[in-house]
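Below: a set of structures, written as structure tokens.
Here come two complexes built around chain A, the first alongside chain B, the second alongside chain C.
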Partner chain A sequence: MSALPLLALRSVWNRRGTAALTVFSIAVSVALLLGVLHLREDARRSFANTVSGTDLVVGARSSPLSLLLYAVFHVGEATQSVSYASYEKVARHPDVAWAVPVALGDSHRGFRVLGTEASYFEHWRYGRGRALAFDAGAPFVDLYDAVLGAEVAARLGYHLGDRIVIAHGLGEVSFAEHADKPFRVAGILARTGTPVDRAVHVSLEGLAAMHLDWQSGAQAPPGERVSAEAARAADLRPQRITAFMVGMRSKSTVLVMQRALNEYRGEALTAIIPGVALTQLWELVGVAETALLVVAACVVVAGLLGMLTAILTSLNERRREMAILRSVGARPLDVFALLLLEAALLAAAGAVAGVGLMYAALAGSAPLLARRFGVVLEIGALTPYDAALLAGVVVASLVIGAVPALNAYRRSLADGLTIRL
Partner chain B sequence: MRRPPPARAAAAAVAIGATLLATRLAAAPPVAPPVGTPAPHPAPAAAEPGRAATLGWEELVPAGARAGYKAGPPPPLHDYLSGEDGLAAQQPQDFAVNAALEGRTVRIPGFIVPLELDPDGRVTEFFLVPYFGACIHVPPPPPNQMLYVSLPQGLTLDSMYAAYWVSGRLSTHTQKTKLGAAAYSLAATGVEEYKY
Partner chain C sequence: MPPSPAIDLEAIEYAWQRGRPVLDVPRFTVAAGERLFLTGPSGSGKSTLLGLIGGVLAPGRGRVSILGTDLAALGGARRDAFRAAHVGFIFQMFNLLPYLSVLENVVLPARFSRERRERAGEPRREATRLLAALGLDDAELLGRGVTELSIGQQQRVAAARALLGRPALIVADEPTSSLDWATRQSFLTLLMQECRAAGSTLLFVSHDLTLGAQFDRTVALADLNRAAGP
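On to the complex of A and B.
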């Protein structure tokens, strides 16, 4: 009996061309199933990790999901801006502990520029209430200071004191740059694994200074431009922001403040509780996730059926092999076991290859997902659930393998030795 | 030569695939109840020693104020933010809490409004409110009709439409806000889905 695994291995090796194809088809299907599961878990973790300690996110009237996506995850764009006066009004409310404005709309080589106040670094929380930390430098002080997220600094090789030019608009390249007002890198944040890593933070006043001579939508002609130094003397009070984050003194006022903001007559606003909006996002995405999962599971079934077809087809060619085995003393049960082993071997190889394939695909797609969707993949080890699924695939292959095994078991010795004409 | 019936093989394979999926599909969100649906009121049970007493939402209102209590959305609060710098005098509102409940271990059903998620996406802090839709479509419940719940172990919430039983130690605490001076919080020890 102990010779059987080796025999199965050798037999498969003898047919390695078709076996490799079978293994590959199972590998692709397993990689798809595990990839869908991992992507779903990672996306959830990434989203849940991004915002903490913020009671309300307030923006112009829009869908709660789109507000969450553009204000917190820096995905997509706001349809409208919020007046700074509304922000100040909320910030001064006696039940509000803190409020931080954010202004989005410019970029630096594909990374979003976030205009805010220095208190952002104090109040913004991620993970489970973790505060932002500085790897180097400090929050911005000067009008033309910028604080870089860890990914921006690492990818573009920036250090403290470097000068960067901010571009108008959100493309990776821009043909409208604020080259006359470069910013100095004043601080670099520690890595968070959230969209903060991919942002360039500047002061609202810095953003206002950049846009002084852009009031018509394009830069003023050279003679009328405001120089970087002259801009310091101008009125740089912010007028419009994209959104603001609010922390309440008491949790019991969160719902009432949300209601009051949504019904605010001074301006059409939308206030969302990040936890609620995230749950809504998952309710929405959950349907698509389930559909993807069903498709992925069907592909695994198709992969296993492909294996069944391959083994059944090979049986005809291997009548002689089986007959020789029987003639040298293999019992019918040995033949049965041999074929079962072959199925298990193919499925196990497919599962292992599938895991490798999935990790390769995740690693390959991680930078793209981070850039396009703000989802930071944390490529972790296999979960017990994954392991159970892989074991399930092998067990399923044993069940499926029983079909050809039974077939071969029933055949008589004469089947392969009789020469049919 | 005999061949296995292909139909049998296919059926076996499909059955296996279905089993793999069954656990995932079982978690499909339940059908949403209409907005404003009140949470079912449990029959007020006598407190058993050593076991959490089931609490009804009306018991959160002090006994003296209960005569005027209506289960349903409270009147809207329009002037929380409007008026001079949002500081306009608030119409007097009495949201007193039932001091008799301080420190009691209770079990109460309601809907979850998630506030804080842990990095694995589990809800660790939430409001428990008596009717679904308390978060968006109707004015929020007053402070004495919601519980601020902390649940260290977290809850994987697939749908805000689902009602839950939450048990734990209830405490009342005072705070100075424009809405009144008192509120409930619950240190939860257990959460289970409410079965209709």
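On to the complex of A and C.
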């Protein structure tokens, strides 16, 4: 090994306490910067992958973003519902190829319960037009059949035939359960990386059966309750749903249908094109993203300035070291390069540690993000942009490291072989 | 034709502050292979003189010729290269890099100078030989950090480093001032032997006049330096 890299390595190791703190501060800042970028990209990809092939999402009159979030991503709650009759009317329209209703509002151990029809499994697409597939079982047939998303089955350890009880409302812990009408796991979907993985799918009739003896969020008194078997004989035709998805026969009719639905006289509806609504979402959060990136970049600069302080403060006590190096043949330029190398080493170590820290943080936060915000993180390899950013951090460290390096260069010229105070 | 003197300073003047020279030396020569004892009190300009001889400082006027080379004629980088190739330094104390092992400290000049590296042959083997010759023959010691050594052992390591690659000139700046009498004598004897074996000129600076008798010649800087006032 040539002299300077060895000297830089050993010198940094000799001051490993301070160096570790410097590396840690750079690592935290790099992790923050890369984390923000990855989170942004993963969130966008996750949202964009969630729905595919659906031309319109229709719900009660609300903001397009709100409708998109609760109907597709299962984030937040709908404040109003849509009549099933309106859904049926739209579904029968000659330009509509398919329509699938969804009803949300109940949950099972923190996972959303989605009431729908069996055709949901046929028409719902994600990613680039990928259809849902079953890891086990099949779509629901019986009134009390449930189809679990992959994450639900994996997290809760459910298998086909297991009985599950659905809770009233969306809380993670519920004291109001539909315990008298348990559902049987009839199918488990293959993993999709979308909110489908975290949903429990039941039929709209099943939902209606559960709520037969419920009013205003509470179950009827014991004498007025309807048993699971008795419910089978009841009129279970759905009355209200949360939203419905529409696939048009021709893309050219999407805008016309959207306008028609937004002006629908039967009830106040909002129809959105998922891609357009997503674009609006990105525009909305774009400013916040940029602000977050600027803050993250400032933290990186602060980390590098911390390194500058650490090197500068060590310079005075290292003047004898520089004089020794000069006596064995080091040029002032070697002294300059040594200090610069040390800065680059610290920054490179910080960058590498920062990448590790970022992956650890993403892995740690992935379940929470998935559950709370429906964002599925795909923790992949670094992108060329990430690599360029990391290189940028090292280059910035060289620029900042030039300050103490120049200082040491000048001092070594002035000091020569002895230290002049 | 007689060989060029190892050190030849002519009409040298050097001032850290303008108009206040600390060195004003009309002539100072040291013959090749000579072992010269230079003495002077603190602040008499000894370190400045060594800086000029090492080519780290450039005189305000005059000529510094080392081993027949006029240092003023060389640019800064070439002066550094010349020093690395031909001059070995030993300082008073703390003159080893604390983060390198004994062996790494000794081979350091060979990393900065190709000539020293080539003359040393196998630098690590030569370093081991020099250390053994200077009384540090414990193989386990070579990999140790220098801060684990006694002051006397550190000075021997510094001497081995200065001697590596047989530089023509060894400059020792009060290398024995922090050693006890017995260690000082032992160190001096070994240093002399190795300088003789390498054919190196030795410029030994100290204010301890009792050492002077062991050298070929003793020079008081005050006798040379017209700037040294009473």
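Quick note on the criterion: the second predicted complex is superposed on the first by the 408 of 421 C-alpha atoms of A that agree within 3 Å, B and C clash if a C-alpha of one lies under 4 Å from a C-alpha of the other, contacts with A are read in each partner's own complex, and residues count from 1 in each chain.
In the analysis below, a residue touches a chain if its C-beta (ideal position, glycine included) is under 8 Å from a C-beta of that chain, and two chains touch if they have at least 3 such contacts.
Just so you know, these numbers come straight off a predicted model, no measurement behind them.
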Since both structures carry chain A, what do chain B and chain C do when superposed there: clash or fit? fit
Does the superposition put A:333 against chain B (first), chain C (second), both, or neither? second
Identify which of chain B and chain C touches the larger number of residues of chain A. B
Angle at the Cα centre of chain A spanned by the Cα centres of chain C and chain B: state it in steps of 10 degrees. 110
Using the touch definition from the top, say if A:283 reaches chain B (first), chain C (second), both or neither. first
For A:257, is the partner it touches chain B (first), chain C (second), both, or none of the two (neither)? first
Kindly classify A:89 by the partners it touches after superposition: chain B alone (first), chain C alone (second), both, or neither? first
Taking the superposition as given, does A:178 touch the first partner, chain B, the second, chain C, both, or neither? neither
Once chain A of both complexes is superposed, is A:399 in touch with chain B (first), chain C (second), both, or neither? first
Output check: A:320 vs chain B and chain C. Expected answer is one of first, second, both, neither. What do you get? second
Which holds for A:168: it touches chain B only (first), chain C only (second), both, or neither? neither
Regarding the shared-chain residue A:112, is it in contact with chain B (first), chain C (second), both, or neither? neither
Across all Cα pairs of chain B and chain C, what is the smallest distance in the superposition, given in whole Å? 13
What does chain C use to touch chain A in their complex? 16, 47, 50-51, 54, 56-57, 76-77, 80-81, 83-85, 89, 91, 94-100, 104, 108-109, 111-113, 116, 161, 173
List the residues on chain A that touch chain C in their complex, please. 2-3, 6-7, 10-11, 13-14, 320-321, 324-334, 416-418, 420
As the complex stands, chain A meets chain B at residues 44-45, 47-49, 52-53, 55, 64, 89-90, 92-95, 127-128, 249-261, 263-266, 273, 275-276, 278-280, 282-283, 286, 290, 293-294, 297-298, 300-301, 304-305, 308, 312, 389, 392, 395-396, 399-400, 403-404, 406-407, 410-411, 415
Where on chain B is chain A touching in the complex? 1-4, 8-10, 12-14, 16-17, 19-21, 24-25, 28-29, 76-78, 80-82, 85-87, 113-121, 123-127, 134-136, 139-141, 143, 146, 148, 157-160, 175, 177-179, 183
